[in-house]
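In the two assemblies presented below, chain A is common to both, partnered first by chain B and then by chain C.
Right after this comes the complex of A and B.
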């Protein structure tokens, strides 16, 4: 066991050599089909002409956001955020609507498009290897990384470590830890020497992007009550007015007849 | 005072070529759906991890629900505003709305990955999710429309007492239905609030729910004009032009409000520069605005237009085409980015989504079923007749 209060990853693009051992380790550990993966490689690859070559590779899986958009979006609450970091998915609740895939700004949740009703199509994504981290081991991808491009530990400590590394080599790194504040913070932190957009990462605000959506939900009850009151008021008003006009017309008719 | 302006429909529902075509479309959709249930969504569609939602969501959900909105608008006119003159339009629009919602539910069962778990909607509920809200609104409002339409069935069966019971609760029921409808139509816009990183800023705004509600008022009125005109032609019955004229008069006011909100929001958010700078997305935006809002706004402002059945139909078509394009833009076209690399992970780059023929066939087959059901209901139920003199009245 370990005493990590907030599990997190730190990825360093300077150190990554694009060997993809993490992908293999993940698939073996979690028994993933050969044609699927929970880890992706993105970025610019190798650019330039020898000897002036530049590498820019991003290895990433679920970012384990502090305010997960998948969790906000899921109609049946199949996603949950543990207080100590991992965002997990419950395959027994999922109805396969794929709204989480739309909501996730990183495009992490993947769906079994090749499975019918009998095989049962589900969402697949990184679990943070709970079967390992709660036994005191590193996640499979981290343990296998040969260059320590992937590290694992306490989120605060990793953030401090990342800033220390930037301070040590200001010429080598962009002065920003991606994921420290993006989308309200993520548990997958990224250091890079090339712009984060070139690694394929979206530019996200510090407020979680589900904030607008969730505060709009809060308007439902006030709008429902207000609208009910307005429509009932109109209906009652119109009815009373019509009744009065009818009565007046009847009275006038009576008066005319009396003449 | 009720004036019977409708002509009793005297059509026969023989197996005309149109019926054969509808049946064939339904058969194809059934076969495709079976393939999907056995081999998976990927077997029949081009949906992918980069584009998890496509034609089905844009057509069945966003378009289907929008064109069903005539039901709550006409019901509100008749029961809340007590404009009895619109009663002849009530049942046809209610039927259109009810069938629209049923078609949406059927389409959803094909689109959902695990349709057999649809009951999870009642057991596991995440009230932060707009999709949960939408699912519940669909079910609640479909039930409301069933009750509102039930008198047509009961009258046909000669059950006068239940008709009288329903009449008694009709007004509160219509108010409740209008509130649920308002929430449902705007919640479709709210569904996209969670995608500011993916939906183009020409369409993404916190105002999406409001824009959806305002635009759906125009869509509902246009759909009522559209459906009445087609019914009158196919069933060879009179057209209530004097009623449609009044509906058409409201459309320019609604569209003017919509345009003011839309451009006001763009200006307020400082996003006017996207109007011409976003390539084909800007073009799609302008097509949507010009055909769906500007053109009908001007068109319906002329009295001669509003009094001509053909011109009414043309204007309604423009509103529908433009606004349906809006729903497609918001839920599909605008979700793509010109350069996915800068926004989306690399595995999404170079992934395109083009709906496959079987995918479209599912939606069209369900739609064909809806048209057929409308025809059958119009033949066997008092849909186009004025309400009978018996019963409590309203």
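Right after this comes the complex of A and C.
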């Protein structure tokens, strides 16, 4: 478990029984306040008309994107993406602007309105349990899951496992591993029997959103320099014009006084 | 950046300070010392200690992470067959029971009126003397039978029983008749074993009758069922509600409540008429195999359709599928089977189905009736014989309920005899790890019975409703703070040991019972110095030291000889689908149809059933479970609600023959139109429960007492209610 090159989760909505052991485990492991959480459940609840019914639950926390939008939106570099998967957040750098909350397509980062500026962590989100995974343990949410609806391991291997499961029971699963390519890939992969949109997952393009935004952001300096030049020119022109006008006005005034 | 103490840190410091003060003055840090000695804790007091969960009775192995003398995380023990590294939400939340701000941490003596909630702190000396002198006074004035003892299944119960039977009272209230009397009596009469084990390894077809395994979680079994479904096993699930188990089933059958046995009788009929079962097995091992087809003949699928509302063709198909799976079919025995007065017949049918498929007792089969006695192979402190008890039991066992085993009893029947004073008057009640006010049906009757008592003492860790109405409360250490006797499972004897010092003055049940026993003159039944000595005496025959077991978490038991000779502990030595015992007691010797009552027009069946986050009535005050469980509401079919002008989120009044309750309405498609469902265990009366008080409605306030005359089981789904806008 220690030689994992790319840590990832696999969640299987077909297996999930919505018992919430993962939520309690996360809360205890990370000492989360009683009125806050880092894991949520969403989904369809009960769908249909009695007696033709269906349930579907999505358990989700930070997706640990390969191209994290929170990171590209953060003006102070409080987010980082580790080569081996986890997206982490540095409370000491955070200025509390909450751009990350707007940027995340999954609505994961949460602002802690109870804490003042001096108390550090303003934003809360899943850390991938570094205190566990680098000690050879599974993340708390995965470890406790009684039905193996949550699994943890090497990203490539989990993707292969997910496809194998679909192939074995094509009648049970939608033939898609959410997060394999969405937004350029995530480290939280999802299998489901319910359309992903109904579970509350956004339809995302394979091209990471921030590849577009980052290319625009990359132009900031050239654009800024260009604008500086243009504006400086305009300013210089205006200045010259004003000067000329002032001279002309002065000349006119002089002429008038001379009359 | 300047770091200011946060609210959380401040609270922690407060807790730590109060904890250290109390513990520091009372005790040497025995837990830390012993854990350091065995290498489980390092010099800083950090480490991992192996123990056992007590958030339900499944008893998963737990690895408790300890930091600075506080338990900070619980993980499932991979070496324990019940957890295999996993824990359910309740298991995960266990440390919040221990750190519940509402813990009772000193003995308390009532100063106000009963139920007023006014207590004063007392020393252990005073509290124990008060309890003992009251019990001795009652014994002297009215005889030992005037004391009622009650306790719910737990590992220290053997010493509780010493207290009760040593004292000389026959009046023992267990939770069993509220739970699994129907299952245990049916399987005891049919197979001669109480509870058959379940093996999922090769199972291909599983029939579950109201066993909501995905919400009433038994960690390993829930996991096994889930994996079996993954593998392709077919689950057919009968329940009036679309539970989370129903959602995982290949087929959910929303059967009419109370008619499970009609469905099962028709299945048996289809199988035996068409000789689809394991005929060789049946001929060899079953009593009544010749007459069985005749006895079942009238239970045709068409007959069952009229009663159950399930199409005859569906019943026939399921019977054939079940039979086709042969030894790989399992009819699950269920667990809380106290639903209707005919639940005993339902269980008899399940026992019969497992017999005619030949699955029972087949090595590695789905239902291998492997009988291992609790505690067999372990030592124990010397156990003197009990005094002869001649008084009749107030709960009617066995003089009114001849087939109910004494250790099960008929708890709910106790109160009528307390209220009438017949055949004699009870005067005192000693309660340990039990909450009769919320556990028993018809709460007002329980409260009236409490009123008749001269004296009530309760052992608990928090101010549960029963403690709230008691005269003396003895604070027990939580399961993370104490030892209990060893628990044997899967060839290992597992230990429950303290992972932190007991907070305040809380003490283990082993200590409390012994202290009380000595004051009652029953010292001979408590021949152990302390908890560790008790465990050493248990371990003696194994030749293993306590220190080794503490470190490893368990002791290996000697391998029992492989004995697969098929015998049944019944009068005939065979499987008794036809039971002479039942016949002699005046009941039907065959599994049979008994028509349960049905709701009148405008009434609903009141159903209850577990949610994954709670165990009975004892976990609603756990802040972590409160945080992650849905708000308890009354479920009603959405279309029925609309017809009655009720909307989701409305306040409604629920009225039964014995009480009323108020709840928010949950209008949902996930329930039959003739039923409503209430999450059980809510509606606490104790204001000493700051998280749970005021949350939800009490099912106990609504439940009517109905007892099955054969098994003594309470019929919990036989209460009918009306629902109106509040």
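The working rule: the second predicted complex is superposed on the first by the 209 of 259 C-alpha atoms of A that agree within 3 Å, B and C clash if a C-alpha of one lies under 4 Å from a C-alpha of the other, contacts with A are read in each partner's own complex, and residues count from 1 in each chain.
Here is the rule we use: a residue touches a chain if its C-beta (ideal position, glycine included) is under 8 Å from a C-beta of that chain, and two chains touch if they have at least 3 such contacts.
Computed from a prediction, not measured in an experiment: that's the story for all the values here.
Of the two partner chains, chain C is the only one touched by A:148; chain B is not.
Judged by the touch definition given at the top, the superposed model places A:51 against chain C, while chain B stays out of reach. Contacts of A:131 after superposition on the shared chain: neither chain B nor chain C is touched.
Applying the stated contact rule after C-alpha superposition, one finds that A:18 touches chain C and leaves chain B untouched.
In the superposed pair of complexes, A:111 makes contact with chain B only, with no contact to chain C. By the document's definition of touching, of the two partners only chain B reaches A:212; chain C does not. In the superposed model, A:235 lies in contact with chain B only, and not with chain C. In the superposed model, A:74 lies in contact with chain B only, and not with chain C.
Residues 114-116, 118-120 of chain A contact both chain B in one complex and chain C in the other. Looking at the complex, you find that chain B touches chain A at residues 36-43, 47-50, 52-53, 76, 79-82, 112-118, 120-121, 123-133, 135, 171, 175-176, 178-179, 182-183, 190-191, 193-198, 206, 209, 335, 341-349.
Put simply, chain A touches chain B in their complex at residues 40-43, 60, 69, 71-78, 93-99, 101-103, 105-107, 110-122, 197, 200, 202, 204, 209-210, 212-214, 216-217, 220, 223-224, 227-228, 231-232, 234-235, 238-239, 242. Contact residues of chain C toward chain A in the complex are 1-4, 6-8, 72-76, 85-89, 91-93, 95-96, 214-215, 217, 219, 222-223, 226-227, 230, 232, 242, 244-248, 252, 254, 612-613, 623-625, 627-629, 637-639, 668-673.
Contacts from chain A toward chain C in the complex involve residues 15, 17-21, 23-25, 27-29, 31, 33-35, 37, 46, 48-51, 53-55, 92, 114-116, 118-120, 137, 140, 143-148, 169.
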